[in-house]
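Multiple structures are listed underneath, in structure tokens.
Common to both upcoming complexes is chain A, partnered first by chain B, then by chain C.
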Partner chain A sequence: MYFFNAQKVNLIAGAITILTVLIAIIWAFPIYWGIVSSLKPEDEVVRPYIELWPDTLTFQHYWFALTETQIGRWYWNSIVTSLGVTVLTVATSMFAGYAISQLNFPFRRALYWLILASFMVPTQVLIINHFVLVADMGLINTWAGIILPQLISPVVIIVYKQFFDQVPKDFREAAVMDNASELRILFKVYIPMNWGVTTALSIVTFIWAWNSFLWPFLAVTKTEMMTITVGITQVNDAFGVYYARQLSAAVLAGFPVALAYLLFQRRVTEAITLSAGIKG
Partner chain B sequence: MSEISLVEVSKSFGAVKVIDNLSLSIEEGELMVFLGPSGSGKSTLLRMIAGLETIDDGKLLIGGEPSHDLAPGQRNVAMVFQNYALYPHMSVRENMEFGLKNIGLPKLEIEKRVMNAARILEMDGLLDRRPSQLSGGQRQRVAIGRAIVKQPAAFLFDEPLSNLDAALRVRTRVELSELHQKVKSTMIYVTHDQTEAMTLGDRIVILNDCKIEQIGTPMEVYNTPRTKFVAGFIGSPAMNFFKFELRQTKNGREAHLIDGTTIPINLEIDGDDIYELGIRPESVSVSQAPADCSGVVKVVERLGDRTLLYSELNDGSQIVAQDSGISDIRVGQNLNFRLDQERIHIFDKNGNNVLNK
Partner chain C sequence: MLRNHKKESLVALLLISPFLAIYGLIFVYPTIDMFFLSFQKAPLIGDGKWIGIDNYTRLERDRRFDTAMWNTAYFVALSVVPGTLIALFISIGVYRLSGRIQSLVLALFFLPYILPVSVVYRIWDWTLNFQFGIGMYLFDWLAMDRIPIFKVTGWFMPAVAFVTIWWTAGFSILLFLAGLRAIPAEIYEASALDNSSRWQTFRRITWPLLWPVTALVLTIQLILQLKIFDQVYLFSVGGRPNDNLVMVYYIFQRAFVNNDGGRAAAIAVVLFIIVVVVSVLNFQLLKFAERK
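Then we have the complex of A and B:
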């Protein structure tokens, strides 16, 4: 009986493992296909049958993307705007999360529900308002114009609030008895006690900001102000689409994010798990 | 070191009044214990003094200065929390320095105070450790050290020993008593443990249902409890209580217990009414000859230095008597009990001790 049960459990575990590997292959195949295609000559890419490995390995498209386009500038724009979005989002969200979690002020609960309700409004709905506002402020084609509308991140506020709620109130009371100001309580007690979540949220916010396309695409018209995600759409010429060339630019665009993911894998997974139940 | 006075203070949580018009004075250098069961309002009262709860009505004076409107950090009191509340990401030294840095003390002064507290509490070797690297007793000492370095007008302890095991609790209790003698500061200590209250307190405030039942020295509250609640709450095992009817007979005044026992009462009480007689186990002795009442032994507790006899009287009511440590009394034995007339307490129907008004 025991043997039968153990065998049954092993079979289920084996089936789940196979299923997981299959899903991972399906998910990862486009990335593999993109990387392989970017290493093929253009005529090999457009062949009408599937080739899983290039006949001729070439780095010419990468060389083109790195030397003939403004990819360096686009990288720089992405780094500045993504870091800007990350630092400002995390900073403002930690203040907001702390206030909603720990301070008593009129309409605190109303504010909390308002933030929760904002999940129901997709960014796309606000995008025209944002555009008009940013244009009126004269911020089109500027870093500030790319950064400002991306600072609205209720999910980061809610995650911070939840974590601050979990800090035993004795710590806050001890700090209050120790004559600490609210700012010192936040930065000397609450944030150090929640470094993990701050790191995780920073990494995920950076990745979101790096990958964002729609808003930077609208906020920028000049090639030299484009972020990498927008810039790679410019890697073509008057004679048509060069798939390998575009794919090589896309691989280069995704490289920092992939690197960040590899370096901070545990934190990223943690942050995605944290925000999974909340993200709208 | 300062005296602390609460003058007609009240506190409500929503519609529920938890402290009602309470007045209390704690003298300079005194160790005052707030004792009471859960929900009696003792911690709320401490938190009101600390400033962690607002005072709805009335005044708080610390060192004669009105302090009820001051922020907690400005009241010059230090609190030791039940769960220690040591910042886990800071070393012991940083934990102790934190409050001093907040008020902008010079670095040298901070260092001096931390080293002084470490010496008093004998924890010089622990300063660079994190709280997670300390035992429960060591954490407790750090929490006290964090309070000492502030050189406050008063120390507030909120059930500081309740997380320690029995042996460590006894040791830390002695250390706290020694500390009070060393620093000679005003201290307020909240506990629900009567042993802690009796051993530590210069005076005890006994709270029940958010009201003060009695204030007095440990021996006062033990020997002359003002109410039945105090009489029952202080002392282990608890005082024996028997309902009786007071009758005037030709032999004088007699207490007629429900089981039919008659006990002559040589006490002056006005009026005839139903009263309750209270007597501590150590004042109930076993008699060879017929005495005040008799009953059957149900449980014998041998504590070494004394033996407690839990017995049942004729009407089924319980009595706890005390015998010597070498007592050979066994379960099922029929015993005569003598009540020490000098140690009897009599409570009226409102629970007030009519002898200690």
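Then we have the complex of A and C:
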């Protein structure tokens, strides 16, 4: 009887495992389908059945996207603006996080609460006034204009503060005894001890910036200044109603972030969990 | 000693000044500006005229505003709780796996979350394409007439909610997994000794111990989905945008299509207040849940 029960339990456990794996495959299947469709000739794409692999494997759509559209230019815009957002956000947050964590200054707690409170404010409601501001500064259709409103990232400061809080006080005291300046302590002690979190936050900030849609969509009216996420959906005449062409452009747009995730899986998931684990 | 304090404050000021400058410029100033603008009759760019609360009283008779409010609420209802439950069950399935299979399966579920919204849009626009989409085989198989999903008002919101759940579930799964890993194995062992069934174990152990994470996921999802725009905008192209309006979409339409900065700002203020109130309530609720 006991044996039978154990077998039954194993059977159910096995069934759940298989089910989970099966659902995972179905879950990701649309992505695979998009990729494989982009590798088929246009007449094969519209065949009314599911062919898991192209009869004729072709890269013609990628060739078209790369040579006949402005996708290269959009790539460049995305890389520059995402890097800009990442470097500026991580640097300013690192400094602010260190000050709030380690230094005594007036209104420190008030500042901390202000940052926590800003979590609540949805940046989407600020689009009108961001646009007015950026237009007044003459930055519409520029990289700086795309970057600027994306620099609100209270999460990064809070994560830095939490990590700096955990650095044992002895390190700081020893450095202060040696008459090291605060900047030196930050760069020689605190940042090297937290390279892991810096890498993780940088990768995730880059992915977020690369993926952002609403603001880059508003800040740019000239096709040559678009980021890739905006360009592939806004310039329809560039691709026409050619499904495989559109999909090849989408694959190109998603490739860098997908690659970043697959290469740095642990870092990415770590940073994302950290960014959500905020409690006041 | 006093000099040291002064020096420390000075260094601190130096360190926080880049942040403060950016924060003031793109956060504090635009927020105040938004409130001012909402009391004016003004184009998007250019001078306005002070008109008091007119922009707000007009919302009462504004049909498009009604649509936007209802659609946002409808979308929240369709996506937040279902999305959280789906993520919870998937995460339990993933948690039971181990080693390489677990990371592989987790990657499959997580991959959509990492993709830009335009790529998600292209993938699903293709998968659910009326003529050639493989999603339509499901309709054929059920012997139903095919439906141009994103062009029919009744189907639009559920379909966008479905795509959104697919897109964002990876994030919630990650949080649930972290929560599941934090439950000590001894508790499960004790429950196994009691011969509890799977369902009993879930109800008596997993669910209550996971509740703080569940509350967190619900909160994040709720606030996120109130601000939905991208997917609705992209899938509406070539369809019926005026039926599919959500709050941010309406702000965009008033400001950038109708060039009516004042009225757009009034809608933005309404959404601002909704999100802040919901956040504060959520925060209190989370604190309450933790104390329990």
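By definition in this document, the second predicted complex is superposed on the first by the 229 of 280 C-alpha atoms of A that agree within 3 Å, B and C clash if a C-alpha of one lies under 4 Å from a C-alpha of the other, contacts with A are read in each partner's own complex, and residues count from 1 in each chain.
Definition applied: a contact is a pair of C-beta atoms (placed from the backbone, for glycine too) under 8 Å apart; a residue touches a chain by one contact, two chains touch by 3 or more.
From a predicted model like this one, the values you see are computed outputs, not experimental measurements.
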Partner contacting more residues of chain A (chain B vs chain C): C
Which of chain B and chain C A:257 touches, first, second, both or neither: second
Partner chain(s) touched by A:188 [first = chain B, second = chain C, both, neither]: first
Chain B versus chain C as contact partner of A:23, first or second or both or neither: second
Contacts of A:58 with chain B and chain C, given as first, second, both or neither: neither
First, second, both or neither for A:173, with chain B first and chain C second: first
First (chain B), second (chain C), both or neither touched by A:122: second
Touched partner set for A:199, first chain B, second chain C, both or neither: neither
Chain B versus chain C as contact partner of A:70, first or second or both or neither: neither
Intersection of the chain A residues that touch chain B with those that touch chain C: 181
Of chain C, residues touching chain A in the complex: 5, 8-9, 11-13, 15-16, 18-19, 22-23, 25-27, 29-31, 33-34, 37, 44-45, 90, 93-94, 96-97, 101, 103, 105, 107-112, 114-119, 121-124, 126-127, 129, 131-132, 134, 137, 166, 171, 174-175, 178, 198, 216, 220, 223, 226-227, 229-230, 234, 237, 248, 251-252, 255-256, 261, 264-265, 268-269, 271-272, 275-276, 279-280, 283, 286-287, 290
Complex interface listing, chain A residues touching chain C: 12-13, 16-17, 19-21, 23-25, 27-28, 30-31, 33-34, 37, 45-46, 48, 50, 88, 91-93, 95-96, 98-100, 103-106, 108, 111, 118-122, 124-133, 135, 148-149, 151-152, 157, 181-183, 186, 207, 210-211, 213-214, 218, 228-230, 232-233, 243, 246-247, 249-251, 253-254, 257-258, 260-262, 265, 268-269, 272-273, 276-277, 279-280
Contact footprint of chain A on chain B as seen in their complex: 50-52, 71-74, 77-79, 81-83, 85, 87-90, 98-99, 102-103, 146, 150
Sites on chain A touched by chain B in the complex: 168, 170-171, 173-181, 184, 188-189, 192-193, 195
